[in-house]
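Quick heads-up: structures coming right below.
In the two complexes that follow, subunit A is the common piece, with subunit B as its partner first and subunit C second.
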Partner chain A sequence: MGLGLLASRTLRSARLRTTNFHHLRRSIVSTTELQNAEAAQAQAEPSPADLPPRTPLAGARVHFPNPDDAIEVFVDGYPVKVPKGMTVLQACEIAGIDIPRFCYHSRLSIAGNCRMCLVEVEKSPKPVASCAMPALPGMKIKTDTPLAKKAREGVMEFLLMNHPLDCPICDQGGECDLQDQSMAFGSDRGRFTEVKRSVVDKNLGPLVKTVMTRCIQCTRCVRFATEVAGVQDLGMLGRGSGEEIGTYVEKLMTSELSGNVIDICPVGALTSKPFAFKARNWELKGTESIDVSDAVGSNIRIDSRGPEVMRILPRLNEDINEEWISDKTRFFYDGLKRQRLNDPMIRGPDGRFKAVSWRDALAVVAEVINQVKPSEIVGVAGKLSDAESMMALKDFLNRMGSNNVWCEGNGPQPNADLRSGYIMNTSIGGLEKADVFLLVGTQPRVEAAMVNARIRKTVRATQAKVGYVGPAADFNYDHQHLGTGPQALAEIAEGRHPFCSILMNAKNPCIIVGAGVFERPDKDAIFSIVETIAEKAKAVRPDWNGLNVLLLNAAQAASLDLGLVPESDKSIESAKFVYLMGADDVNLDKIPDDAFVVYQGHHGDQSVYRANVILPASAFSEKEGIYVNTEGCAQTTIPAVPTVGDARDDWKIIRALSEISGVRLPYDTLSGIRSRIKTVAPNILQIEEREPAAFSYSVKPEIRQEISNTTFEAAVENFYMTDAITRASKIMAQCSALLRKK
Partner chain B sequence: MAHLIRNLKVPPNSASLEEARKRTFEFFRMACRSIPSVMDIYNLQDVVTPSELRSSVAAQIRKNAHVTNPKVIDMLLFKGMEEFRNVVEHSKQRHHIIGQYVVGKGLVQDLEPKDEGISNFLKNFYKSNYA
Partner chain C sequence: MLGRLAAQRLLEIRQAFRLGPQGSRSFSTALNYHIDSPDNKPDLPWEFTEANQTKVKEILSHYPSNYKQSAVIPLLDLAQQQHGGWLPVSAMNEVARIIEVAPIRVYEVATFYSMFNRTKVGKYHLLVCGTTPCMLRGSRDIEDALLKHLGVKRNEVTKDGLFSVGEMECMGCCVNAPMITVADYSNGSEGYTYNYYEDITPKRVVEIVEALRRGEKPPRGTQNPERINSGPEGGNTTLLGEPKAPPCRDLDAC
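Our next item is the complex of A and B:
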C-alpha cells in the first residue's frame, strides 16, 4: 500500500464526514472551506516571495506618463509597478490575474455596480470592488482568498436570481460572460424560490434584438451609447427590482455604431437580430479579415459556416477601429448572398443575358478589344477593388495601348503625385492628439463612422473644438457650422473669420478634407486654400501633420498609389470599349450607345443593366487582396468562404483575358503580381504597417483656379447603402428605411 | 455479348503504335456492335439514333487523335473499356447516357479540342478558381 493510497483514504473519510454535516445544514456554498472563510484565511500562510514572473493579461501594457508617479502594489504577493491613478483591477491585469467582471469595460466609464470584481485588500474591513478602487502605494491585493471567492459566489447568486434559465435558446450561449463566470465562480445551487421577474422587451430597431429579462443591469450599453456612440437613447428606468434598461420613450436606437452594444453586452439581453437563431458560435469558422464598406479598413472577423458568411465581428486594432465597427460593416454581410453573378454571360441580340462558358465569354471580349482603337479603350476600377486587380487592370490596358484607367470616386483629374495630398496624414490614432478640427466638405459620421468615433473621443476627452464647412449635417459632438461653401474657407484663409483665431492658437490643428471635394471642378483651388489655412495654422510641421484627406472607398488610396489616373477626363464620352471592374457608380449615361461594355464584378448592380458581357468575380470575403485604408495602412483580406458559382478572382480574370487578347501579363500567381506592385508602389506591400507620406506641399505647382460659389454637397447620400454589396443587402435596406436621417 | 465482356482482361501493353491503333479500332467496333443492345437497355429509341451514338463514340476517340505514345493510348483504351463495361452492364442509368452521349456533350466530359499552346495558368483558370 503506497503513501498516496493512504492519503486518499484519509481524505475520503474526511470528506464523508463533511458531506454528512452539510446534508444537515443544507448550505448554499459548495466549496466546503468557504463555510468558514475567516478560519481558512487564518490557515493560509503568506506565500514566499520567489514567485515566477507573470505575464500581463491579454497583452496589457503599462504606460507611465510620469515615472515619478509609479507606485508598487502586491497582487497575491507578487509586486507590480503601476502608474498612480490606476485601479486595483488594472493592477491585477498587469500582474496577469483576470478578475471576473460584468460592468467594467476598459473603454467605458466605471460604474462599479455589478460587484463581481470584489477582491480582498489587506487592512480593509470589507472586500472592495476592484474596478472602482484606485490602487494605493503598498496595497496588498488578494484575489484568490476564500473571502473573495465567497463574495463572488454571493454576487453570482444574486445575479442569477432573476436571470432566466433559457441558455439553450439564447443566442449568447457559448460566448456568454454570465455562463462562463457562473461555471467558474458560481455556486451549484441557489436559495431563491420565488418567481423570477420578467421585463418587457424593447424595440431598438432592425439590428439589435432585446430579451430584457436576461439583462443584469451592468449598464455597459447605456454607457456605450452616451460615451462612444454619442446618442442619449438608452437609459436606466426604475429602481430596485424594477430597474430596466430602455429607451425612455418608444424610440429606435439611431446610432451608426449601435451594433457594438451586442458585443459589449455580457449576457444575451442584446443580441444581433439578423443573426438570431442562425448558428451557434462553436460551429463557426472565424477568418481575420478587413472591411471594405468604407475607406477606414476596420479589422473584422468573418464568421462563416460552410459556404455562408454568418456574421461579422470587430477585431481589436488600436490604430484603426479600436474594438468597434460601424453598423454597415457589421450587418451588410447578407448582401453577399443576394444578387450574385455566378456565370459568365453574354447579352444576346434580344437583349437578354445568356450563360456561357469562360472560354466563350473571354473570346468575345478579346475579339472586341482587339478591334477598337487603343484610345477608345477605357477601364474603370470599382469602389471595392483590391490593389492586385487594379494593378492587373492598369497593366492590361496599358499593354493594349490605352492609358484611360481610373478608379471611381477619384474625380476627373486626381492628384496621385503627392501621396500626402490624398491620405490621412495625421493617422486615425493620431487624431486623438489634435485640439482643433476643421472639417471641410466632409461628414465623417456617414463617410467614415470609425474616424468620427475617434474625433468624438477626442472632443469628449479634451474638449477639442470642431469647425465644419459644408451642408447642414448631423454631428454627435459639439461643433461650429462655419458655412456651406468654399467662401467660408476663403474667409478663414484671409483671417476674417472668428474661427480663425481658434485655429491659429491651436497646438495641433487638424484639417480634414472630404473626398467628395475630388468631384468638384474647382477642387485644385479648394485644396490650395486649405493648404494656405494649414500653413497659417502651422498644421504641417516636422512633428505634426494635420492636413488630411478623408477618402470614401476602400479602393481609393491603393488606386492613387498605383497611379490609376486617366489620360483625359473626357475619355468615357468617346469610348468604344469600356471595362468596368466592379464599377457601379460611373455615370452610365455618359457611355456612348455603341460602346461595348464589359462588367466584371460580383453583384448584379447598376452597371449590369448596361453591360454586354458579364464576367463573375469574387467578393472581398472570398479572395485574398490588399486594401490600403484612408490613412495609408495596407491590410489584406483573407478568404473566408468559397466563391459563388463559376466566379473567379478579379486579377485572374484580367490575367486570363490578357492572354487571350494576345498581350499576356507576366504574372501567374498572387506573389508574382505583388512583386510587380512592389516596383510601382512598394508601400502597398508593407502589410499592417502605416507608411506615412513624405510631405512637400512646396513642390506643388501654383494653382490659378478660382473657387466657385457652389456649396459643398454631401458625398454619401445614404450611410447604409454605398456600394454593390450594401445595396444588395436586405438588412441595409431595412436600416435605410427606418434609421436614415432625413 | 455478356460472356464476351465478362472475359475481358487487361491486355498486355501494345508493343508499337501500329498495335495500339489496331486495338483502338477493335474497341470502336466492339462499342458499335453493342449500340443496339445499349439502345434497348436504356430505352433510347425516341431520343437518339444508332448512328448518332456511333458518331458520339467516334468523337470521344477522335478527341485524343493527337496522342502518339502507345502507353498513353493503352491507358485511354483501358479507361474507355471501363466506361464501356459500365454502360453495357447497366451500371449507369438512363440520364447518364443521355447526359454524356446524347445532349450536353462537353458538360460532363470535356469534348473540346485540347487547349494547345495556352499557359498552365489559363488551363487552371478554366478548370476552377482554386488551382
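Our next item is the complex of A and C:
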C-alpha cells in the first residue's frame, strides 16, 4: 500500500465524518450565511453610489397618465420613478429586477396567493408579497437580502411539499417556472416525510391535458377562464391541503381561447394534449411567424423539429394578439401533416390523378391557357394566399389578357377602391378606447377570436355597451340583440331604435361590419346605412375612426390592396380555364363542366375533386410571404420547416408557368416581386407597421340600392374548420365534434 | 448514518401513530368533484319550497341588489335544511340562478365549508368535535362508541337513514369538553335545530342517540347533572357571597 493511497484513505474518512456531522444538523438553507440571516444582512448592505444603470425588464413600458402622480421608490438602493398605484413587483420590473412569481400575471387580476414574490421592505416587520403591495413614495425595497431569499426558500419548500417529482416525464420540463425557480430557491433535499397528496385529473376536452397532482394552486387558469376567456367553468374547490382546481361537475372547457391556460400554467398541471410526450422543448427550433387561420394575423412562434411542426405558441404583440392566441391558431398545425399535395399531378382520361414532373404539368397548363379566349380565363386566390403570390397571379392572368382575378371571401363585387371600406380603421388595440360597439352581421367570437378578446377586455374594463345585429349568436360579454336583419340598421339610422340614444351619446362609438356582408347582393346599401349611422354617431372624426370591417381570411386585405377585383361577377359561369390558387371554398358547381381547372395549393381539399391539374405549393409554415391583417398591418411569415415533396412557393410556380406560357413575368426573386408590389400597394411593404387608410367613406359615390329583407347569416359555420389546413386537422375535427355549441 | 437511523425511527413512530384505514383526515363529507348518482345529478329539478321562497326574499333583502352573491352562504344553508341536511348539485345550481352567478362560484363556496354536506346525511347528523381539548377529554372514545353503536363508518348513513356521524372542528365549548352537535333535519327547515350536547361520556352519547331514535328531544347543553351550563361541577367554588361594593365611588349616586 503506497503512501499516497494511505493518505487519501485517511482524508476520505475524515471527509466522510464531516459530511455526516453536517447531515445531522441539516438545514433547508444550503448557503451557510443564510442560517444566520440577521448577521449576514448587516454585512450585505449595498452602497448606492456605485450602482450600474438598470434597464426595465422584458421591455416593460412605463406610462405616466399624469406626471404629478409619479412617485419615487428605491429598489435595492436604486431610485426609480413609477406611477402611483403600481405594485412593488412592477416597480422592481421597471428597475430591471425580476421577482420570482407564480400566481402573478400582468394580464390577470392579482391573487397574491403563491407568496413567491416576497421582498423585504424597510420598516416593514415582515416580508411583503410584492405583487399585491402598492408601491408607496420613498419605499425602500430590497429584493436580494438574506431575509427575502430565506422567505422565498421557505415558500418554495412548501410548494414542493405536495408537488410530484416527475419532471422527467412532465411535458413542462425545461420550460417550467417551478423547475426554474427551484434552481434558485429550492433546497437539495426535502424535510417532508409524509405522503404527498394526489388529485384526480380532470377532463377539460381534447386540447388541454391535466395532471392535477402537479398543480400548485396559483389560480392563474381560473382567473384566465373567468376574466379573459369569459367562461366561468373553472374554480377552486375544497380547502387547505385538499384544495384543487376543477369544474366540480364534469364539463369541457368550451372556450375558443382555452389553449392559453397551457401557457399561463407555471407548472405541468395543464399541458397541451396533442403535444403530450411528442417532444422536449429544447429539441425544438422556434421560428417567429404569423398565423393565417383568420384575418387577425396573430403573432406566433412555430416550434419545429426537423421537417415537422411540433407546436405553435403565441408571441407577444400588444397591438394584435397581446399574448394569447385562439385554439384554432394553436392546434391546427397537425393539418399541415395530413392530406398534403407533394407532386404535380394530371388527371388522366380514367379520372385518376397521375404524378408527373413539373415540366410536364406546366406544359399542359400552358398549352390549355393559350388555347382559350382571354375572357374565359378566371383566377381565384384562396384564403391563405400571401400577397406575393396574389400579385404574381394577377400579373400573369393580366398578361394573358384576362382581368377576372379575385380572392375568395370578398364577394362578387368587392370594393377595393377605398381602403377604409375594408379594413379595421380603429385598429385592434384601438378597440380598447371605444365605449359603444355596434356589431353588424359579425360574430367576432368565431370570426376573429382575438378581436373578440379585445372587445371583451374593453367591455369588462369600461362597461362598454355592445349592440348586435345578426342571427342569434353566442357572446361571452353582455350585449343587446337589436335584430336579425338590415331593418334593424335602418331603424337605428332613422333614430327609431332605443339603441340609438346609446350610440349617439357615445364618446368613441365603434361600428364593426362583418365580412360576411360582402357576399350579400345588397351590400352597398348596407354599407351606406352603416355610414349614415356612423355619421350620426360621429364615429369618424379626425381623432377617432370607429367604422370598421372585420375580415374573415388572412388573404382578404392584401387581395383588396392589390386590387384583385373581377371584371364581371358572372365570369366563373362562362369560364373555360379556371386557376384556383388554394381556393377551396369556391362554388364548384358554378364551374362549367368543360372548363379546365388547375388547382395550385398545399392540401387535397374540396377543389381537388374538380381539378384537372394539381400543382403542389407550400403552406404558410414553409414559405416567406406577406399577409395583411384585418387592421391593415402587414406582417410576414418565416419558413419554419422545409416544403413537402416537390412543392414550390406559390409565386414561383406562377412565375415558371408564365415563362412556359410565353408571357414571362419580370421578377425572379422575392425582392423583385416585392418591388413590383410596391408600385401597386406600397403599404404592403410596411412590414409590422399598420398603415391607416387615407380617405374615409365620404368620397364614395352615392348608392342607389335598396336593402333586402333577408336576415344576416353566420359567416363562419364552424369555428374550428374554416380552411384547407383546419379541415385536414384531426385535432380540429375532435374539437368540432366535442366543443361546438350545438 | 446516525441521522438516517434517527429519521427512519421517526418515520416508524409516525406510522405507528397514524390512524387506521381512515388515513388522511377528510374535512367534509364528499369529494371535491361531483359524480352523478340517481339522487344527485344536475338535471334533477330542485327548487325552494313555497315557505322558503319568502325566506329567500328576506335573505336577499339584506344585501344590495348589485351584490346578490353575498347571499350565497345563507341560501346554501337554507337549501341544505330544506333538503334533509345535504346539498345536491341541482340545489347549488338553483342557488347560483337566484344570486345570478356562474354555478362554479357556488360550488367553490360549498366545497370550501365543511358544514355544507354534499353527500347524503342522516336525519340526525351527529358531529363529534375532534379538536385538541375535546380530544384530550376523550372525543375519540365518544366517536368510537357512536360508530360502534350505530354500526357505521364515519360519514356513512345508517340503514334506516336516521343517523350519520361526522367530525367537526372546535365549536368553542372547550370548557364542557367533550361535546357533540346534533343537527336535526327531521322536520325540514322549519323544525331545524342544531344543538350541542356537552360533557358527554361514551355511555351518555348512546343514551342520547336512543332518545333521538325514539323521537324524544333530550335536553341540550351539559349532560353532567352536577353542572349548570359551564359552571363548575358541584356548584361555584368562588364568588360565593354577595359581590362586594365597587372599589371606587358609587357611580349611580353621582
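FYI, the second predicted complex is superposed on the first by the 714 of 742 C-alpha atoms of A that agree within 3 Å, B and C clash if a C-alpha of one lies under 4 Å from a C-alpha of the other, contacts with A are read in each partner's own complex, and residues count from 1 in each chain.
To be clear about the criterion, contacts are C-beta pairs under 8 Å (C-beta built on N, C-alpha and C of every residue); 3 or more make two chains touch, one makes a residue touch a chain.
The structure presented is a predicted model; accordingly, all values stated were derived computationally and were not measured.
Partners subunit B and subunit C, once the complexes are superposed on subunit A, both fit on it without clashing. In the superposition on chain A, contact of A:T442 is made with neither subunit B nor subunit C.
Once the two complexes are laid over each other on the shared chain, residue contacts for A:Q172 go to neither subunit B nor subunit C. In the superposed model, A:E659 makes contact with subunit B only, not with subunit C. In the superposition on chain A, A:W358 makes contact with subunit B only, not with subunit C. Judged by the touch definition given at the top, the superposed model places A:S298 against neither subunit B nor subunit C.
Set against each other, subunit B and subunit C touch different numbers of residues in subunit A, with C touching more. In the superposed model, A:S258 makes contact with neither subunit B nor subunit C. In the superposed model, the vertex angle subunit B-subunit A-subunit C (Cα centres) comes to 130 degrees (nearest 10).
When the two structures are aligned on their common chain, the gap between the nearest CA atoms of subunit B and subunit C comes to 54 Å. In the superposition on chain A, no residue of subunit A contacts both subunit B and subunit C.
Remark: subunit C residues 1-4, 7, 10-11, 14, 24, 26-28, 31-34, 42, 89, 101-105, 107-108, 111-114 touch subunit A in the complex. Residue ranges on subunit A touching subunit C, taken from their complex, read 20, 23-24, 26, 193, 195, 200, 202, 232-240, 242-244, 246-250.
Only residues 112, 118-122, 125-126, 129-130 of subunit B touch subunit A when the two sit together in their complex. Chain contact summary for the complex, subunit A toward subunit B: residues 357-359, 618, 642-643, 647-649, 652, 655-656, 659-660, 664, 668.
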